[in-house]
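Which chain is which? They are A, B, C and D, in the order written, and residues in each are numbered from 1.
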């Protein structure tokens, strides 16, 4: 279990999250993809910090998780809201996000 | 003498604006009185200033200089012969402008007064700043209220007009800001300390190419403001759309900022670039004189006619600046004041007509002279002043401009003199169509002559016109010392630079004694 | 040695779960794949000497957040307004660029770790026990921590406001 | 303070009071005020004149007084200063004297006008400005009066400004004058750069000392003459004067006959050292004068408006004055100015009396036989006509003859002969006017006839005075044939104006010339008698036979139309086209275009914003890929 392996895993997970975000067509799954990317980042933190003798990375991971939780709460509320208004959560139907 | 007179004059209007904030907007009367009171207080102080101003002193007086933001940015105010009358003009016109707004502005009266007062502070500040950064701050500060004044209180195409006005002037002033930074850096490199003081900076001898670029950067900002042909097209639009008061201040004071910039900054700081560009500047100025005159001839809207006449008149001022000798500079300064008074008055007068008839088209009028004899007489006085009838103010400035230009370059002067004919043609043509002829129009038939409040606006201007026209000496003698030193300094700086073309600082500015046209003969 | 084996298994599970999520079309399944992925990651966190993080990962992610997801999945009709397949290009681009990104990140990681990191990093040092992490949180990171609590409160309120049924609209 | 300083004071105070309160004052007060201010000015003038005579005895002919420094900057300096010398004295007496008579006349003539106060205010202001012009000590200060009289002329021509033709005429007068003024201004500037001064005294010294380069002197003299041509209605700038007849008749008499239009002549005489110094400029002046004299005379032949005949006659007579000045006979030119002031204002005022009697009718074709209705106007009109026609021993004869004699004496045969030809024309058109107005059938409608009345005494008395002056004024300047010292006038002017050319004309030749000019007058009068009394069908027949020429003259050689077609219209149309095509079409469009381009660019950039989150994500990813790529490789 080398650092390289851990970081490699984190990279793979991140890229998979990215691909998932772009490929999937419903907001909900895209949301999940974002969560995966966040977790990949957390993994990289922990892997790289191991052996440094400090716990700061773990604190950061904790913060990332709390923020992710908050984000998930608001984000999912927004998804619900959008669904109520548009009767759809397909991203193709949502093109209001422009000037 | 310890009272910071200049700061008081500059910031009294702003203080007035702050006071206005606390008066509810429904109380028009109190708002009006408060605004007028502050503007009049500033004017009274400026009169005190004028009386205590020493005409024999060439340098700046009443100087206030305090470090402000560091890096050479000082709060540095001072007044000399070049700025004295511009400050007075601004302080003089501001109360009148407020007075005129009493009936013409119905909605958002409070905001209007606020912007006017802020504008006044900005304009006076420009003329008083001796620090480039401060100058720039006031320069831009004057732009913002004008933007709102035209944008909120203007006519139908106000959005177009303000956008154009702001983009035009912003484009110019941005380049100026860059120029200011370059100057700051260069000065620091040469002297090892920071300064943005105009007099410090004018002690720098810059390389030719630096001068060229800097002069172009500053010159563009000033030329747009003047406005010099071909940067003039914002002016008619802005004027046509602007409310009366804004038009008056725009023409009477804001345009002067450009010419003032040339005199205060453009020429003294970049004497060699000027030597190269003065002919070009003069050509544009001459084109502006003739072109503006012809354009004014075919305008259908009184306001845009007066706007184009401003292009023509300011062309003459700039030509006089380009000629750069004592006579022409004296003429230019006097002519700036004259133009401020006559054009300001014309805009006031157009405002009177517009307020009564809601039109400014020349063809909508005719026979107004029969219905409003007093107004017609006053309007004629403004027209005559504008076209330079001797005995009124316009002539005193014009003849000095002509003489100064003539001493520098005869052909320029010959071309400039055509303004005598053109001004008469477009102004009297307009006067003929508006005031003479039979009354053919119901709107005109219903006109009432002007009353007390309007007379209160016109009479001081008219009296001043006669005063300057009959006794220009009282005005000229206070500016002569400064102007002749300015004229001589730049000439000597040019001579000095010819000897060595290496960037450096000149220790002390020593004007040669011989000023004026001596060297041209 | 055992750790390596466990790591390998958990890594395969997490990558597999994430990949399955891309392929699967069912949102419910996706949520479950996500739980799987997160749980595996929680295990890895534990292996990396961060038991506290591992616990939080399981509790918050695999527990709380997933419950939220599941709720939403239940409330939203997955078949509502299925659009025509018109964005194939995006799919290809996304996958393509993902591969490029993977390559780039790999190069970056290799280039950097290859020089600095030893193959087997020492497993010593303080373990990320709840006590140690808690001590750090309430000493050095007390302000960020408090701010986070405010953030969560705000998110809570926001979620409630957004999730509430609007009276004015049908 | 010397007495001459006070001359302009009363009129300006009168003008001020009338401008400010004229609308509230009763008419009697206005008339009293206006007339008394001019009377005061006249009294001061006479006093100053007597004073000058006494000081002249002690050799002091030129008095100056500086009021204050008017404009001064660097090397440029113009004082508000007066100069009183014989030339100014003559002018001041004419201006205030004739001015007083016309003011009095106006009281009657304008009695029914609405804006009574405005009229007299302008008239007073005019007198003031004219006095400034005459008394000024330097060119710049003279320019104040020069423009001031122009302004008053504008105001008074447009007195009935509701009438479009009057308003247009006023504007035209001002504009044409302004063209001249631009020349005048340039002349001043050239002289100033050449001599470093604008005061007449220093200029004379500079010219005498040949400080000024001859070419510059010629240039400035010609430029100044352009100003004079504008003010004094000479070719090519005379076109405003006929139209100026839209103004009230007393105004035509005072401004457009007796005083203002002679300002150009005065100026040339005032600058006589300069014009003598530059023969070319003098030659130009003489040519233009002579040409104008004949040219305007031909137009006057066929005019039907009584005032237009007189207007063209004025132009023609002014031509004579310039002819005189141009050939170097400044005294003769000023002498003609002096006599002309009397007889031409007499003619105008008498014409005004006729118009007044006929309820405003100005067309000669609707007059005739007025002799018996206007028993007091007719004789004075006849006197005026005889004087202008050059009947011997009347003032017009002496002054015109003095000019022609000088012209021939200087060998200027061409202009001299033109002058003689002009004399024939003058006699003809004046008597044509007399015969058409006062003799023959009564061609006015019955309704007008019932209203015909002789003018009141307040109008006819000034006429009588002017008639008297017109007859006797000539005796102040008797020709040299009657003795070397007979010409009091030119002897009086000698300190300022050089004496006319030494006569290389023999006494016999001079007599011949005098007889010739008398003969010219006789021929002109006889022809007029032939055409308009003896055989009244003759003019009609000639008009039918030469319709083109007749129309050409009637329309004043179409000069107005030509100027319109080749100058005014192209300029205005061109300006309009430039405004549309260039100012709006190119400059403004470029500005707007810049703005619009920025807008288009923004819109184009906005296309990237599809609104789909996925596209945004792709864009972010793309950016990340590029960024990392750049960073790594």
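What we mean here is this: a contact is a pair of C-beta atoms (placed from the backbone, for glycine too) under 8 Å apart; a residue touches a chain by one contact, two chains touch by 3 or more.
The shown structure was predicted, so the numbers you read here are calculated from the model rather than taken from an experiment.
Taking the mean of each chain's C-alpha atoms, the chain closest to the overall C-alpha centroid is B. Of the two chain pairs shown, C-D and A-C, the one joined by more C-beta contacts is A-C.
With respect to chain C, maximal separation of chain centres occurs for D (centres as means of Cα atoms). Rounded to a whole number, the gap between the C-alpha centres of chain A and chain B is 61 angstrom. Centroids of chain C and chain D (each the mean of its C-alpha atoms) stand 100 Å apart. With centres defined as mean CA coordinates, chain C is found 6 Å away from chain A. Rounded to a whole number, the gap between the C-alpha centres of chain A and chain D is 95 angstrom.
Chain A has residues 18, 21-22, 92 in contact with two or more other chains. The set of chain C residues touching two or more other chains comprises 87, 90, 93-94, 97-98, 101, 105. Under the contact definition stated at the top, not a single residue of chain B touches 2 or more other chains.
This structure has the following touching chain pairs: A-C, A-D, B-D, C-D.
Looking at the complex, you find that chain A touches chain C at residues 1-9, 11-26, 28-29, 31-33, 35-36, 39, 42-43, 46-47, 50-56, 58-59, 61-63, 65-74, 76-81, 83-90, 92-93. Chain contact summary for the complex, chain A toward chain D: residues 18, 21-22, 30, 91-92, 94-99. Chain C contributes residues 87, 90, 93-94, 97-98, 100-101, 104-105, 107-108, 111 to its touches with chain D in the complex. Taken together, the chain D residues at the contact with chain C in this complex read 614-615, 618, 621-622, 624-625, 628-629, 631-632.
Residues 19, 23, 68-76, 78, 140, 143-144, 146-148, 151, 154, 158, 161-164, 167-168, 170-171, 174-175, 178-179, 181-182, 185-186, 189-190, 192-193, 571-572, 574-576, 578-579, 583, 587-588, 591-592, 595 of chain D touch chain B in their complex.
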